[in-house]
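The structures considered in this document are given below.
Here chain A shows up in two complexes: once beside chain B, once beside chain C.
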Partner chain A sequence: MSNTTITPQSAPNRRNTELMMLGFAVLVPVLAYANIGLAGDGRLPAGLVKYGLGLGLLAFGAHLVVRKFAPHADPLLLPLATFLNGIGLVLIYRIGLEPTRGQPKAIQTAPTQLMWSALGILLFLGIVVFLRDHRLLQRYTYTAMALSLVLLVLPIPFPAVNGAKIWISLGPLSFQPGEFTKIIITVFFAGYLMVKRDALALASRKVMGVYLPRGRDLGPIVVAWLLSLLILVFERDLGTSLLFFGVFVVMLYIATERTSWLLFGLALSATGAALVGSIEPHVKSRVHAWLDPLYYYDLPKPSLTDSDQLAQALFGYGSGGILGTGLNQGYPGEIGFAANSDFILTSVGEELGLTGMMAIFMVYALLIERGLRTALAARDPFGKLLAAGLSVAFALQVFVVAGGVTGLIPLTGMTMPFLAQGGSSVITNWALVAILIVISHTARRPAPPTVAGEVSAIQNSRGGRRRRAESPVFDQPLDPADADELAGPTPVHGSPLDITPGAGTPDPGLSGAGAGSPASESGRSGDVPSPPSAPPDALTVPGGVPGVPPRPAAPPGAPPSADPMGPRGHSQ
Partner chain B sequence: MSELTLTVMRLGFLAVLWLFVIVAVQVIRSDLFGTRVTQRPMRRRNAAPATAGAPAAAVPPPVAQQAPPQQARGPRRAPRNTPAKLVITGGTLTGTTMNLTDQQITIGRAHDSTIVLDDDYASSRHARIYPAPDGQWIVEDLGSTNGTYLDRTRLTGPTPVSLGAPIRIGKTVIELRR
Partner chain C sequence: MNKPLRKVSIFCLVLIAALMVRANWVQVVKADDYANNSHNKRAVYADYSHPRGDFLVENRPITGSIETDSKKYEYQRTYTDGAMYAPVTGYKSQFFGASLLESIDDSILSGDDNRLFVRRVIDVITGKERRGGNVALTLNSKAQQAAFQQLTSQNKTGAVVAIDPATGKILTMVSTPSFDPNKLSVNDSKAQDQAWKALNGDPTKPMDNRAIRTTYAPGSTFKLVTAAAALASGKYSPDAATQFDSPMRYPSSTKELTDSAGAERCKNATLKVALELSCNTVFAGIGADLGDDAVKKQAEAFGFNDFGAYDFQKPAEDTKNNLDVPSRVTASKFPSNKTDVGATMRASIGQQSVAATPMQMAMVASAIANNGKLMQPYLVDSLKAQNLETIEQTQPKELKQPVTPEVAGQLRDMMKGVVEEGTCKTAQIPGVEVGGKTGTAQRGVNNSDRPYAWFVSYAKAGDKMVAVAVVIEDQDADVERNDISGCKSAAPTAVAVMRAVLGK
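Let's turn to the complex of A and B:
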């Protein structure tokens, strides 16, 4: 007999907290900026007020729009992104103060980057204002696939820049379409997996304790793998191919809860990397530079592609030590080419030391955590997959870049999100944060008060159920009433129409596993932590209420996707 | 700039960086939502209602007892015969209570149900209990496999629940009480 009381608790509205954090997030870069000036010529830099106000106004504008259009959104996403962007601007300014090695004179690129950031924030605002419901994106699943393929192929006819064909240049402007593809292809994956997850999760044979998927379900993953290999070969873009494949595999895992996908993915990517690494000369030299950075340092005249950047970066970390040399007191210019883009973390490591580097990583980690938390809280499976996919893409990119410049993995030319110089990158990442904000607003919105049974119940029961059945509801375009959970009071008495396929009816059509009885439901959960063995909840509630409830807003109508991330009752 | 000033500035900036991180973590700490589960101290039944709210400040004190005429919160309905809480009297969740608000309560094995059942005979979206405008509480089966029973009769449509009538879902028994 347990003695417990359950009180549903809705997510608080945290806009004032967001404003406070935002103020802090603008203050830190301003302090850094002042610090750079003081450490340089002993005076505050001339543009201090201008830059500070510029960043502050952008952030404040973004805050007002979020307050108006997404009042329930997560309070940390915007401040953390602003913080990273601000720090990035300051670092770019600092690197632009002195000529980098091989440059005749210093080129200040911070104003350009500020402009790109402003454009990024404008795009952010546009998305928050016009994308009222992220489920709209679901309509464009296959359009997104086509678009991302086009964007990926686009740079091939253009000449390679610094060894990688990832640029489109139109006159003076050049873009990196791969950055935009990151979001678009995640939309495709989320839409695709939402429909296919059951086939992928259920139709598998157990071989030596591991669930192996059927051959035809393997199709898409193999296609994704080949595609990423093709990118690698034709565009010599190790980072992007790693990113896409990684995101796909992780989303597959989130959608199906099958660890075998992860094993499969790891095996495939290892094979692919080994294969391409031993054939493709560009990748080969990267791998060599990773294994033996000092070899290139000792070369009399390193070319651009096999450069001593990594060796210089390692020297930078060494001279930075634990506490760093102090802003504007190191030599980040020694990196030479790409000191303010791919290698921007090196200047953090040198001038702010391990301590500062860890702080920056913490901020990235918090941003990713908020994204995953949004995925946990999201009520619809598409939103869940999309939020998780975007966070994973962001996380993988941070890992690939940070791992590359610290010598953990071979260097791949990608940009550090928000920090690094680069228009495409900063714009894309603001768009990514905007989509997360839209999802988190929907997820954290308090459930409408129920009067005599209305739509939200049906909505809820729909969300979780239909996805399994691949039933019509999710395939239909959302009608506006459907998109808005508050839609007018549909008479419910005596109209169970929407719910009938409802709860316990297992879907016999669902291939292999189904025996067509309630047992198949539990059989389906297979290795899903089955209720009695759900220890996390039991631990939080010593009285032994094994499944005491997330209220409707909390972890979601899609148990499978919630589980890999931990079946917690509380969303933080 | 003297060496000392520079050092102070350098360390100060690192401190500010970490302060930002720590404040952000604090924001996350205060951002809990979901469902609050409160343990009551083990007492006998008659003592329980009076102390129910005590352990957690946020749990509103049990309704009505001392000040019935005050139209306390929102649209309080006629106090007579209106259930104020839901009590689980059978099954694995026995002893769990829940204060009734104007929110509907969903019951089932799905993780996002208000009451998550751990019961092989329950469907993932089994039933829901919601208030009608006149203050009555209605129970409705959501097309479950094994059905929802009010007393001994299987539900076929939304049905009003009277005080103390047992709603059975699998092995779980739920009652509405004052």
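Let's turn to the complex of A and C:
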């Protein structure tokens, strides 16, 4: 691990890289937009300049704010999100040019989506400006739980749209609260698991080489499972249900490092899926369509839940082939309803071909991996869990939607992040990226050039963070999570390799109680760059994670790590 | 927490990799299956995204392709004299597929054919709009017109097929009542749907292709086949008297077979006279004398039973035996009557269960006119590229030799006799050698239904030749049910076609 990346003076904050990438992220959609007009009636579409300037200004504004308020954030997150949002707008515009199957005339929804995108970017800016430290969210762990429960049950009294009860409508506006819940519930999971991970990880019996959780520790996972089953039954929303449960299980695994949780979660979700798949007609017909996409054409009398949408999507991919028909030269309207939301990827496949599909998947993969990188780089367990949870939620959503519309897995009815038409979705995803940016800024921020105790210097160097630093959230040790990374192979208490993040706080996650105590302040010494003469640290810190400053060895004789994973040892 | 995080990162990459593999699967491996699925309208839209090639008759297009304001169906197929050419071209519909040559030569007309590939690439490079290739037909426009006019001017239901015996070129193919294929290519799904329902529900069945896909009892025209069998057997010659009674009793039956030309003239008549007068007793007697196998063998030599399945819609078990011109011709049939001599007698005069398409009877006349050689009938003279360069020229092909040149000559003499002295003197054309055979096929229980009127003929003038078969279903009520009706109803059409082809 190169130490140069952590020297504040020379640390490249990559903002210029971001700006350059943003240029591409704006240019490509603008050219695609021009392409649509040229392929249609041979002229550049009206409002090309307006659209280009609009997207460009939004992106540039976002860049400036990131430059100012999160200068050390990952440079790829913003360009990737801008690119996907821009391409999404272009695709929505293109699909809106023609009536879809069963529609009397074309409805252009791109302007609405542009408005939602602008709102999403504004929310992004708001989060980057005002959420200066993601740990603030930790305070609202149980508020988040309550809020997500409310949001989840909210759509139940509202009428089902296309078979799923995931909408709430207030007058002319309608929302999909499930989208917002994605972030809020991840905040809850992160906060909850940070507190409980010790208990969940520690107590277990080993049966046939697998550590089985204790019966009473099964509580949370069973509750999450039941909840997702209830979503499935009451809202008929397979996607959201799968997403929440999947995110919970993965975060549980990350928090406890217990493979048994994964196996357990897998078993539970398989049971749940089989159960619901065999009862719920809505889900049943989708499983049918997945097993035999062309089944619809063999039905003598298709019922209301039967659909040939997947078949039409596959036809679209087939007609698109490797290079695609070219924008505005295919027939995405054949998909019927949801052509510009759930099924928007089909238009990519048809008009941009396999080439375009691979490119889009690549961009999603990059975005997800940058998110997970952020989790790796984060110095606090809450940040790690939150970044990981959000990235995994994003990844699962991409997989579930793209897998559904390509026939890899049964169709679940969710929107393609950033690409698809839908205000709730685009706003949520901008918020998600904003939180990742905040976490990555915090993680990649160069460590202050001071030693433990010189708090004021740290705070000055961060500019105006003093007030926040006094808030209880920040009084916890910054990095118990990395402690387990740094824990050497020798679980001897007081060894130089044993990290003492806090002053004897048994559960670092609960250390918010120790407000302003000198002990917790001293925990901030974790930010101090390690002297070059600390080879054991350098060896145990995973290589190649930029911006993660190695921790200095704890003072000898410090209390043993409360982190149960420490003693288990991690030899990298 | 970093260790599980790394594993989760790999898991996420695996998810994306799975999506990528799936995309390759659906867009490369399965792409053709999906692209060409019959439920995939995109293939249809692609088909309509550029002008379709045309059918040419004597180098003039009889079809067109006009631009519409629709984005899905950018071009619309148009037909000039659509109803007249419908039995040849078929239709090309946005919603109901295509039929006949529109379907068979679709790859040329749409431009997808591999032989048009180079031209397509050149068009792309030079920025020219893509266009389909053309299909040049063998039809004779005047003869086609004459036949169509003859049938439609009197609202007749029937069909006409004319072949050039020397090459097999189909010069005329008409079926009435016909339909206007423009109705099935108009760019309006509602109008098309209505037209489709109306055409299919029409009791006069305008979409039936009677020339090649309807079989009729050939009636007395089948006597040509029986006569050929008789001459080929060597037991009979045109001018030797036969030994058959008139009226004639069917074996083990009280029913009698009579001759409308009169018992005295038909009793012991020569073969030539018997054909001229269309004596049922003589040919029924010959059938009984030669036996079922001999008559059947001769019928099969002309093409009965020989080609394909009886139902053209069912796949033939042995496809090499299909008669494709290139539209598939429904098989004509001569069923075995081995144990029932009475049935063989009736079959020998074209009744019983004998069934023939007008195409089949034209082939009989064609073989006789062409010294016994039966040429493969064909409709497509050549396939042409967008610039009318020929990319495939159909070569005439001998199908088989149903009769010897000698027997063919004798049959021609006998057929000439029919026109010069026999049942249809009105079919004479000055300065032209015309031979024919009338027929009236009886139908229904106790012949209660209207009979079919047939006229099968050939004509020669100089080095030009033509063989024609005409069948008409609904002759006038006042026409008596005898052989004369074939001459009265069907022969004028045949004469008009022969005149048109020979230019007389």
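Quick note on the criterion: the second predicted complex is superposed on the first by the 430 of 572 C-alpha atoms of A that agree within 3 Å, B and C clash if a C-alpha of one lies under 4 Å from a C-alpha of the other, contacts with A are read in each partner's own complex, and residues count from 1 in each chain.
Please note the rule applied: a contact is a pair of C-beta atoms (placed from the backbone, for glycine too) under 8 Å apart; a residue touches a chain by one contact, two chains touch by 3 or more.
Everything numeric in this text was worked out from a predicted model, so none of it was measured.
Set side by side, chain B and chain C differ in how many residues of chain A they touch, and the one touching more is B. In the superposed model, A:N16 makes contact with neither chain B nor chain C.
When the shared chain is aligned, chain C comes close enough to touch A:T406, but chain B does not. By the document's definition of touching, of the two partners only chain B reaches A:L31; chain C does not. In the superposition on chain A, A:G353 contacts both chain B and chain C. In the superposed model, A:S278 makes contact with neither chain B nor chain C. Looking at the shared chain after the overlay, A:G42 reaches chain B, while chain C stays out of its contact range. Applying the stated contact rule after C-alpha superposition, one finds that A:P79 touches chain B and leaves chain C untouched. Comparing the two complexes, residues 353, 369, 542, 570 of chain A contact chain B in one case and chain C in the other. Across the interface of their complex, chain C is touched by residues 98, 250, 253-255, 257, 294, 297, 308, 311-312, 314-322, 330-331, 334, 349-350, 353-354, 357-358, 361, 364-365, 368-369, 372-373, 375-376, 381, 384-385, 388, 391-392, 395-396, 398-399, 402-403, 406-408, 481-482, 484-485, 542, 565, 570 of chain A.
Of all the residues in chain A, the ones that touch chain B in their complex are 1-12, 14, 17, 21, 24-25, 28, 31-32, 35, 38-39, 42, 74-76, 79-80, 83, 323-327, 329, 352-353, 355-356, 359-360, 362-363, 366, 369-370, 379, 444, 447, 449-453, 456-457, 460-461, 464-465, 492-494, 496, 499-505, 518, 521-522, 531-532, 534, 540-557, 559, 562, 567, 569-572. Note for the complex: chain C touches chain A at residues 1-6, 8-9, 11-13, 15-16, 18-20, 22-24, 26-28, 30-37, 39-43, 45-46, 71-72.
On the side of chain B, the complex with chain A involves touching residues 1, 5-7, 9-11, 13-14, 16-18, 20-21, 23-25, 27-42, 48, 52, 58-59, 92-99, 101-104, 106, 108-126, 128, 130-133, 138, 140, 142-146, 157-158.
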